Amino acid sequence: MAGSTFGKKFKIMTWGESHGKALGVVIDGCPAGLELSEEDIQKYLDLRKPGQNKYSTPRSEDDKVEILSGVFEGKTTGTPISLIVYNKSQRSSDYSEIASYYRPGHADYTFDVKYGFRDYRGGGRSSGRETIGRVAAGAIAIKLLEIFGVKFTTYAKSIGPYEIDMDKFDENNINNDVLRMPDKETSEKAQAYLDKVRADQDSVGGVIECKIDGVYPGLGDPVFDKLDARLSYAIMSIGAIKGIEFGEGFNVANMLGSENNDEFYMNKEVSKFTFDLIKDVSKKTNHSGGVLGGMSDGSQIVFRAAVKPTPSIATPQRTINKNGEDITVSIKGRHDPIIVPRAVVVVEAMAALTILDAMLENMGTTILKP
Amino acid sequence: MAGSTFGKKFKIMTWGESHGKALGVVIDGCPAGLELSEEDIQKYLDLRKPGQNKYSTPRSEDDKVEILSGVFEGKTTGTPISLIVYNKSQRSSDYSEIASYYRPGHADYTFDVKYGFRDYRGGGRSSGRETIGRVAAGAIAIKLLEIFGVKFTTYAKSIGPYEIDMDKFDENNINNDVLRMPDKETSEKAQAYLDKVRADQDSVGGVIECKIDGVYPGLGDPVFDKLDARLSYAIMSIGAIKGIEFGEGFNVANMLGSENNDEFYMNKEVSKFTFDLIKDVSKKTNHSGGVLGGMSDGSQIVFRAAVKPTPSIATPQRTINKNGEDITVSIKGRHDPIIVPRAVVVVEAMAALTILDAMLENMGTTILKP
Amino acid sequence: MAGSTFGKKFKIMTWGESHGKALGVVIDGCPAGLELSEEDIQKYLDLRKPGQNKYSTPRSEDDKVEILSGVFEGKTTGTPISLIVYNKSQRSSDYSEIASYYRPGHADYTFDVKYGFRDYRGGGRSSGRETIGRVAAGAIAIKLLEIFGVKFTTYAKSIGPYEIDMDKFDENNINNDVLRMPDKETSEKAQAYLDKVRADQDSVGGVIECKIDGVYPGLGDPVFDKLDARLSYAIMSIGAIKGIEFGEGFNVANMLGSENNDEFYMNKEVSKFTFDLIKDVSKKTNHSGGVLGGMSDGSQIVFRAAVKPTPSIATPQRTINKNGEDITVSIKGRHDPIIVPRAVVVVEAMAALTILDAMLENMGTTILKP
Amino acid sequence: MAGSTFGKKFKIMTWGESHGKALGVVIDGCPAGLELSEEDIQKYLDLRKPGQNKYSTPRSEDDKVEILSGVFEGKTTGTPISLIVYNKSQRSSDYSEIASYYRPGHADYTFDVKYGFRDYRGGGRSSGRETIGRVAAGAIAIKLLEIFGVKFTTYAKSIGPYEIDMDKFDENNINNDVLRMPDKETSEKAQAYLDKVRADQDSVGGVIECKIDGVYPGLGDPVFDKLDARLSYAIMSIGAIKGIEFGEGFNVANMLGSENNDEFYMNKEVSKFTFDLIKDVSKKTNHSGGVLGGMSDGSQIVFRAAVKPTPSIATPQRTINKNGEDITVSIKGRHDPIIVPRAVVVVEAMAALTILDAMLENMGTTILKP
């Protein structure tokens, strides 16, 4: 039942509905001593906030975060950090109609079955606004991981049929790009495509890719709490994600072992007296996506997640209402024609929460030196 | 650290190494009153045991399971069920060489980094024999779910380039087929392909598909413990799995909302006085794969998992040894040229453990009638 | 690390410091459909709020609770319930001195050792104000348990040397009594005693007793999650509690088996055809305190908790400061001379959270009828 | 439901019934690299095994432990450690009668209510033999804690009316004493008393005291996972324990703040440049029992647990049978007249499991130096 709790050591509990008073998260288990300000969190919330451009919902929200506890004299104290974002623009009238029927592709029906009724205003708890808590907590995880040299690069890899050209990869373009693509040219094509889709009152999906550098090898706990298993759990828990794959991913199904295995080699002169298991070992390729046997292998962690098209579309659709009548509906309101760009930072946040938790879980694993 | 524990209510702890005395699992939280015999478990272990045919390792193991606790007068008592399988064929000599180097595609290196040393005999804890505990526990979950009308159909969907033809789908062929394919014709082609791959001292991957019928709608707990998120965690925790997708999966990236949304309809005459939210509602399509908003939607749950080629191959590969020297190795021993067929029952077991846990977690979610 | 999380199914996370902006709690896993208003929670917070009388700190706080999420149209939705209480009276100047030294009997020293520094304002997270979150969440648990017929009676059993006379037990006196004693006469004697203790700039301890009626037999999960074990964990987690005992408690150490065992008997005519295991069975005595083998036995659950004297006293005490100097201090400020009366509702809240969680955990334990 | 699992990082799952094939425990999360042999575990099991003397059940069991996994080349590997003890002396005939009725003071009734039926042979899972798993796992925890300088001293403080004289405390007497008392004289008096109690076909209770030295300050996680709260949970989960108290315990109820507070002092010359928060700080007294604000304070941890008299007595008692008839019973069989001596090592084991878990949980709590 208690499904809004995530993490074992860096544990978070998110709360809030689309049209409630506020949304937020409590983080229980953040190490003490981290310098933390509201600005550290705000910059990530700004990447997901609505109304940034024509490809996101025009709902007007500042999404200003406030730290209510757990920080003293500019540093985390080790006690729970409570973060809150007040809702400003709850135009419930926009949504009152949807109380009466089940939107295709949405959780209206499953919420009613599970709980007996639902907060239908703007999707309630199933709204994308739920991710505010994820991103706010993730911002802290990212800041803490930076201290240990971990760096995330997350972006839209494809939107509809348009996939980025890796040769034109420009990391700096990501956060400047309305579609969060690292390839400006592809982004422009995708934007033109999106304009057409929007005009057709439709929506489209895409793929988000996340690359994580600097992860110490050995994170992840066999046999169930493998790092890729926990990342999959984290990413698949984001609404609209329908698949995840690591490294070669689904390509492995038609690869040979001799193609897919990554060979190890010594990446420097071995020191005269000791062989440093971490510094001296490298892989020639990274088909594995940075995970071997469920543990980080010291190379870049790479995964991709498939994002479905926004289910809210104005195109007429058949469905049923709460009286059990077959009806036709056209979902009006303030909807994104594409979820991918705003979901990029959510994916990064969930990845960071997972990596940090695995790092904290890993402490005390051995009394031997690796 | 404690990564060998799975589940919240139907909680399992697996243990054992490839060449240790035994392997097993303890199940804590199995409901009392289930009729259970060793045969109920054995039939699933037999589907994964080695030496079944030329496509699985010739290691000779009976894998006979023994129930040590938790069952009295033929029924589960509600207390922990301890299951044990003794190892018979520990030919450690086969594996002694691998103590000295890191096999490409294996967890040798990551185990050494994480724990400081490793049980190198047959891969120790990272061996596929680890899945004995999963399958034994899963067998009990499957039996319990049967009572509630839940049915699993799991099979090899593709091996290398050979994918089954859905028009020739024959469920009865699955367990009779050496490759666990429901399409005899494709299986024969895949077998011919595998013979060639084996002759080349190589290995190949594939895709496993799992379909789950009869799942009550509303299972899964937003926002993190979504049913698809937990299934992803469970399946991705199986060694060699590199990706998972639900329903349309990665296809959604290039689908329109109007294509991907599943329309609802009334699947029968509504009764005069009441509208039964569960019996009367259906979806015209199932692009979602049976999950909406992270909860089962009453239709068939469908997911696919990508399985990498067996990393143990006799083809010479470059790697390093524990002295930090670059070397060439050829992995000899008793290895499967393809993991897929024996992993089918493992996927089914993990899916069952997850569905059962979600069902037990769901109890008490509401004091209202759905 | 994540020590501010409690419960398995009815899971709560509390947050906030004595002199921070606010304190609160998020409840994840509350069943949907419970009618809930702020008033339901406020009445319990009022029982613990400061400034009620001369035996509690004169700090002036309304402690008004606000529901931020999880309730829609007057009913819980099954999603997280976020509750907040803003601090009004943070006179940090009162406490600034204590930043420099370690108060005897307080957590100042242990916080510094554990976290590297501390929020010293009013004790920060170790302040009794932390219990606001417990009481707010407990109020919801109590309301839900009422539906199932569970009733709590909690009170001060003794204060200093004054113990209530069970023959003069008057339940109605409890919440009207400044000391929360059910025996007016003893309360008056204790008040006179407290006046003297206060005049001496000292403090005193006491014993809280909690009786729980209407608990269904069979709650609690052998062997570790016994109901009394979980209640002990819950109650001992309240600051200032130094001991807990059930039924005869420490008396059992010098009792004979023939004295301590509770004999069973049939408490009514057995129906002609069936013997109702729950309705028909009673115990002649209740030395066990309502728990047998770690499970509720259908009789009243009874436990007592020992509360230490308030450590903040104006009496001069020796201690050390942060420079490592031996000093003498006299703790000024707004302190309760006795913790017991305000802790009564905290004990009740924690007991309710535990019983409710055990009840939810118990669902699905058996597929047989008891 | 899953009540046989204990610990967060050093997680254990125990299993087995009194008259089943075997009992055991799996430890998931033991740090790698600990030297471990069966003998390390056996010496603790020998302290609890039956038939040691006339004060314990004459049931004849060797209780020989076997390590089945998780240890390689004499060291723990970081993977689950499975330990098994086979039952030898299952004289089920002794117990067959009790299938039909509910023994006073036992869990027969509550098991039937909870699970619908029970394994009645020797009490099944509610038998004291259940503690084999606790002691076996605890032995590993004790060994690991020794490396960090933690030492346990656990003993019978009182049996019936006989309490040890602290002036005659002789630690070496504990394990040589049939009653596990550190005071030979009091033990002899208690033995004479027990002989009389046994002749009367009765049983008696007592108090176990546990002292833990060398615990690093700062262990335990406010606000719920306080060290004393977690120890209480662990100890109260042992069958027959009815109360627990720390330091002054229930005495605090009638102490003044000025009596109960422990003053801090500098226990050595402060070094010229730095003040070592851990080495330099001491308390003049230890009324707190080594815990302040729920965290270890660097002084000795002291707690006492009240043990009820063995419920199995031959003295005739009234009860009911499964047909709902009032009957008189006399419990025959192989029972201890006193639980205390054999429970001493169980208390120590549970304390060690808790301290070790708190130590592992504490890692990563701060990025600041204490």
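Brief remarks follow.
In this document, chain identifiers A, B, C and D correspond to the written order of the chains, with residue numbering beginning at 1 in each.
FYI, a residue touches a chain if its C-beta (ideal position, glycine included) is under 8 Å from a C-beta of that chain, and two chains touch if they have at least 3 such contacts.
All of these numbers come straight from a predicted model, not from anything done at the bench.
Using the contact threshold fixed earlier, the set of chains in contact with both chain B and chain C is A, D.
Each chain's centre was taken as the mean of its CA atoms, and the one lying most distant from chain C is B.
When the interfaces A-B and B-D are ranked by C-beta pairs in contact, the top one is A-B.
With centres taken as mean Cα positions, chain D sits 45 Å from chain A.
Here the CA centre of chain A is 26 Å from the CA centre of chain B.
Averaged C-alpha coordinates put the centre of chain B at 39 Å from the centre of chain D. Multi-chain contact residues of chain B, defined as those touching 2 or more other chains: 1-5, 8-9, 14, 31-33, 78-79, 114-117, 125, 222, 360-361, 364-368. Touching chain A in their complex are the following residues of chain D: 8-9, 31-34, 78-79, 147, 222, 359-361, 363-368.
Chain D meets chain C in the complex at residues 1-6, 14, 102, 104-107, 109-117, 125-126, 130, 158, 160-161, 197, 202-207, 217-226, 228-230, 232-234, 236-237, 239, 242-266, 270, 275, 277-278, 280-281, 284, 288-289, 292-298, 306-313, 315, 317-320, 322-326, 361-362, 364-370. Those residues of chain C that touch chain A in the complex are listed here as 1-5, 7-11, 13-17, 20-24, 26, 28-29, 31-33, 66, 68-70, 72-73, 75, 77-82, 84, 114-119, 121, 124-125, 360.
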